[in-house]
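Report on the following structure.
Chain lettering (A, B, C and D) follows the sequence in which the chains are written, and residue indices restart at 1 in each chain.
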């Protein structure tokens, strides 16, 4: 560990140190506000350590991690996302949880650590370890409101399924390792691209690994857990699962298959294509008549990751519109939208229950115009309507898809985004329809604090800004790509 | 010095793996599901050991160590959740039939 | 700078109206009226300056006014607004009808007035943007911006079944827009791979050589995008629902302007970009146009909801535009532009009228109406004029357009022109039927309602004067659009040779010889 | 003086505008003044121009006044311009002159109607549009006038809008004429593409060079124009609308459905004589249409009970004569008959109006009777009109104009013996139903007392028109009776001269004598059947065959019944069944399909962990099989 490596790993180190400091703080005096502030400060410190890591040259840090521009971009993204998630968590816990709330932030930070580890990992072991750190902390986070059973059930469900999928992942890795002889991603990929087509065991191994990726990204055959977990988990945790955890895995997926041209190897291409197509269709169809907003967002995230997989399959053939750039832009815009949406769900909740049902949003326009403007902007961004970053993201994916002539996938993407428009509009319809008298009593009146108000405004403005003038983000993404 | 060839090792591991898998699918009791998951993870570990042995590297066994630790962590959290789950049942908080 | 002003001004107006709406009900109305009047003055001044100085003789590729600045350089997207004869006409129509839409929703809209005018002005901003945008990405950007406010307009202030109608409208246009986006992107890549310079600039994309097979699919993508908006027949079913449920102003803007975006798209983008594919597809499109005319007219005749009837009439009129565009000669195109303008006025007027009747009687069911002439002769008189305009009475605006289109189409294929003239008969049937069921006959249910108020009369008078002016003095409009349409044909001259000589008539010299000795009359 | 030509159509349009906008405010008295005044002024100017046209005609016997360019697109250039020559002079004169008298008459006829100013607004608009039609310099302007008059006939037929039946009749008129107009429009396109212009004079002058006689295009375009003419002038295929058009006020029937509008078809064919001469086939078609119509209308006229429907059918048959004249090439004879017919038919209608006014708005002839003594002036003028219609030899103008047509039907360049026979038989039938009408209404005992005695505003128009109906004919005497050809010399400048009469004079005398005798005979038969003993008629109609025949003739030879089944029912049925726009079912099917998929996938979300594990295993199995296969 030379000094230079030390500087490189500084963001991760600070991130790891923060929970320790928080534990010490809890030991001294258990105070919810201090814990939250400490974790935010820790995250900011890690964020400011990133430029330092960026300008020290040499990417490879021991053969486990590789901290290159790409990883650092995702570091920054995840740190910011977690900071944004902490604010509503604070208010949510104040409102809904009577037990001791400080451990929530510990779990949150370890989960972020796991996800960041994924983004930087370059080796099977680091991949597996980060994945497990992430998953285990998520089990506890999902079941945090332990006095209510639905949280625990979601946690249990998530645990069993995650364990099964990581077992498959491991078994796949072992098969690949048995053929390749080394666990480095680079060697694996070189081995695959040379003699991938006839070495059955290695390809089968990769196919099994796809289960691990698929489960975490909640794409079709492995998606069934996500609606129940999103519904059971507290709103901020669902936001975290939908954004940071999936972001980490996606970063790793792209790094793993970076040099490997998917379109060439027929089995992998068919698998990923099938997954993408079915995710889009199943995600959209199941969301069509969904009356629970959280489950609706879960299904829509399945569909959105179907779109991202299209960009992934498009790969890096076209120098103008690389698949990975499109996917990264999509992820950034998706983060903003999904975190904002779950934050709003978190705000519209009271002691007994969260405002999950569609009817809780009836007439929101006329009760809370600014909140509903934010939610409509997010819904339009998910639907991919211009003036929002969702449109530019979808356009980017379309461009990368067309540049590599994936016509069938593009057509399916178009049909699905038209399907998707329906249920996003239903949410806005619910919001601007008139409230009849007796129903008015049952509605939850949202209590929007100043801080979350500002944060929401920032998110919405970012959304529209990226939609109208995305050059800034595109520039930084293109610079960060390998 | 390798008594068992790679293929046989992998076959053993996959048999073990699938028994665990079937265990998860069939058994209704959640405790037994956790046990079957353990079996699956160990099977994967075993496969790693065989792979490592094949290439004469220690990576496989190191990987197995990591697998052991993480499997233990998972089961621990799982048991904690189950206990909390039944405590809630005593206070008769309604239970969704998830099994 | 005027171009950016034209649409930014309305966006500003919308915001202002919404903010003002939070304090009192009256402010947004006056604000939006003021903004629209300024918008009208600016666009008319633009038109006059186009007519007076050299605007009439712009060479091909030259634009009367142009604003270009980089927007997303990485992808070669520019903020490229430009205007020629064709766009100016449509912008003036937008501001004129926009003003009327604001005026006619003066009393009709009582609750959430600020947000209503915000949406209305943003639709108009999106529409004027569409007519000016010459960067394909920017065009698509405005194309979609038009949707959201209209969606809110119909969804919130619509009538009973508005949710179904507004979602149906949104998905129709959104899906077809996405197909168009694929065609734009494919064209962008083909051009990029050929010339190495990736750009969405319309002028540069014009020259791309695309293999016929691919060109056909790309043209189909554009056709779907514009066909849904036009609406061409197989994809028109969203229009009647959207109209029956939209508030009056929404209907006026929807019928008067949003449909024109589709027609404008055909003329500006589809044919010039894919001339060969356009030529091959012309016959199919023309048959669709004819089916549109006859089919929609017959369905219109069967409706008993007044607004639904008028909605189907606009589908029928737009069938003429489809014919005119795909005939693609100077006469047919001039006719198509005339129909676009006159249809905007006459159908807009009909919708305002129907809206006023609805505000008074709260019913649009023609079986309940009847004998309104005795109660409100003024409304009856104006209704008669607008119905006659829509059936294409010479002396009013629609006839000039329809006649020119048929003249142009005749040159391309005689049977199609003959069949299209049947459209005259069909349009007479439904227009007279509408007049009979609403204004004539006994006043069975003793409707008592006040006659047209001065505000309404001023709206109707403005429309009647406009219709008469277009009907009797169409030359100013024809002159404005002549050069622009000539340029467009220049672009596609390789595939569409000029106005083909009629089948059997003699060679040209003989014609000139005989005419010369007569010393030609005019 | 010629420069004031543009004033002629402007005054009626001005009248229309004033009445339409300020109608209610300025009250009946003033709107009457405006209504009649505008037509009077325009008539005055027409007469002055006419006199100057006679004294010192403009060079080339034609004067053109261009106002502004109407449409100028690419090589299609049309301007609003008026062309005055002999033909349009005659038509303009008739329209304004007869129009003036009818306006004067209707100030009293419509006196107690609350839509008084609206009525005059429409009438002025009609005269304006008709003048545009006859004086239009190009075919598009003619088309503008053409549709304008169609519109006014719609407005005026449906004037009493409260009764839906009037509305139906008005719509029927407009739609049937519109069918003709559609055909005419296609004709216009054809002409434009053959001559690169729609200017009438240009087409007529260039036509002989461009088209050889019998040229396919010439025949097609002339037939299409004939289609338009047939629609507007209610000739055979499209004559169903005129009898129902009687639902409008009587002055309207007089002006529009007798004197002027229905003859627009005659004007069109006469005006386009240049290209008709190039297409002999169409000439014979015109003749055949004319002949057939005059017979069909004649027979139908015999069985009518409503006085106005008798006159309506007689108008259709008289226009049949004009078409026959044009068809055989006797251009000026056709136009001459138009002028004369305008006078006596307007007279008959106005008189019928006076009768209806006097009989509590009763229109069934058999309910009236014995009015000769009660309304002497009306009776005598009505008698003159009927005599002229029935072509009483020597004394009435009708004789001279119709006799010329009958003669040319045989001797004309395009004439034939069969046409002649049809014309003669038609004349006989005309005489019969005309005098049947006279005897039934004016003789026999008086069944109803008089409710309203017409004043001077009715009598003066009647007398004026009666004067012309009698003495109008003397300006054109046939060869055998003094050979005075004032009218045809006047028309020489506009229409080709008829070189008929290659048969000997004796034949001409024979046909004149024969028609006269047959006319008198049928008058006597009418006298005998309907005055002496009605019994024969009643017991004839009581027999099954007789009753069937009467109903058949009453319904205008079943055309209405035929068209109802052939066109109206299928169109209405087709559009009614498609009310919900069957294309929409596809777009309703799509969301249904999406919903089915939704429920299908819903099964996978059971909430059971073990099902989810099965899902994962399923995913693994699929990917492994893919790896194995590919």
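Note that in this section a residue touches a chain if its C-beta (ideal position, glycine included) is under 8 Å from a C-beta of that chain, and two chains touch if they have at least 3 such contacts.
Quick caveat: nothing in here was measured; it's all calculated off a predicted structure.
*Asks:* If you tally contacting C-beta pairs, which comes out ahead, A-B or B-D? Let me know.
*Replies:* A-B
*Asks:* What's the distance between the Cα centroids of subunit B and subunit D, rounded to whole Å?
*Replies:* Centres of subunit B and subunit D (C-alpha means) sit 98 Å apart.
*Asks:* So what's the Cα centroid distance for subunit A and subunit B, whole Å?
*Replies:* Distance between chain centres, rounded to whole Å: 26 Å.
*Asks:* Averaging only over C-alpha atoms, locate the centres of subunit B and subunit C and give their separation in whole Å.
*Replies:* The mean C-alpha positions of subunit B and subunit C differ by 67 Å.
*Asks:* Taking each chain's centre as the mean of its CA atoms, how far is subunit C from subunit D in angstrom?
*Replies:* Chain centroid spacing, subunit C to subunit D, equals 37 Å.
*Asks:* Going by the contact rule already set, what residues in subunit A reach two or more other chains?
*Replies:* Residues 156-157, 160, 164, 228, 422 of subunit A touch two or more partner chains.
*Asks:* Can you list every residue of subunit D that touches 2 or more other chains, as numbers and ranges?
*Replies:* 607, 609, 613
*Asks:* Could you list the positions in subunit C whose residues touch two or more of the other chains?
*Replies:* Correct list: empty.
*Asks:* Could you please write down every pair of chains that are in touch?
*Replies:* Applying the touch rule to all chain pairs gives A-B, A-C, A-D, B-D, C-D.
*Asks:* Quick one: which bits of subunit D touch subunit A in the complex? Just the residue numbers, please.
*Replies:* 591, 594-595, 597-598, 600-602, 604-605, 607, 609, 611-613, 615-616, 618-620, 622-624, 626-630
*Asks:* Mind listing the subunit B positions that touch subunit A in their complex?
*Replies:* Against subunit A, the touching part of subunit B is residues 6, 10, 13-14, 17, 20-21, 24, 30, 33-34, 37, 40-41, 43-45, 47-48, 50-52, 54-55, 57, 59-60, 62-63, 66-67, 70-71, 73-74, 77-78, 81-82, 84-85, 88-89, 93-96, 98.
*Asks:* Report the residues of subunit A in contact with subunit C in the complex, numbered from low to high.
*Replies:* Listed in rising order, the residues of subunit A that touch subunit C are 318, 320, 366, 380, 383, 385-387, 391, 395, 398-399, 402-403, 410-411, 414-415, 417-418, 421-422, 425-426, 428-429, 432-433, 469-471, 474-475, 478.
*Asks:* If you look only at subunit A, which of its residues touch subunit D in the complex?
*Replies:* Going through subunit A, the ones touching subunit D are 156-157, 160-161, 164-165, 168, 200, 203-204, 207-208, 210-211, 214-215, 220-222, 224-225, 227-228, 266-267, 270-271, 274, 281-282, 285-286, 288-289, 419, 422.
*Asks:* Write out the stretch or stretches of subunit C touching subunit D in their complex.
*Replies:* Interface residues on the subunit C side: 168, 172, 233-234, 236-238, 240, 298-299, 301-303, 329-331, 334-335, 371, 373-374, 377, 381, 388, 393-395, 399-400, 403-404, 406-407, 410-411, 417-418, 421-422, 424-425, 428-429, 432-433, 436, 439-442, 472-475, 478-479, 482, 499, 502, 504-506, 510-511, 514-515, 518, 520-522.
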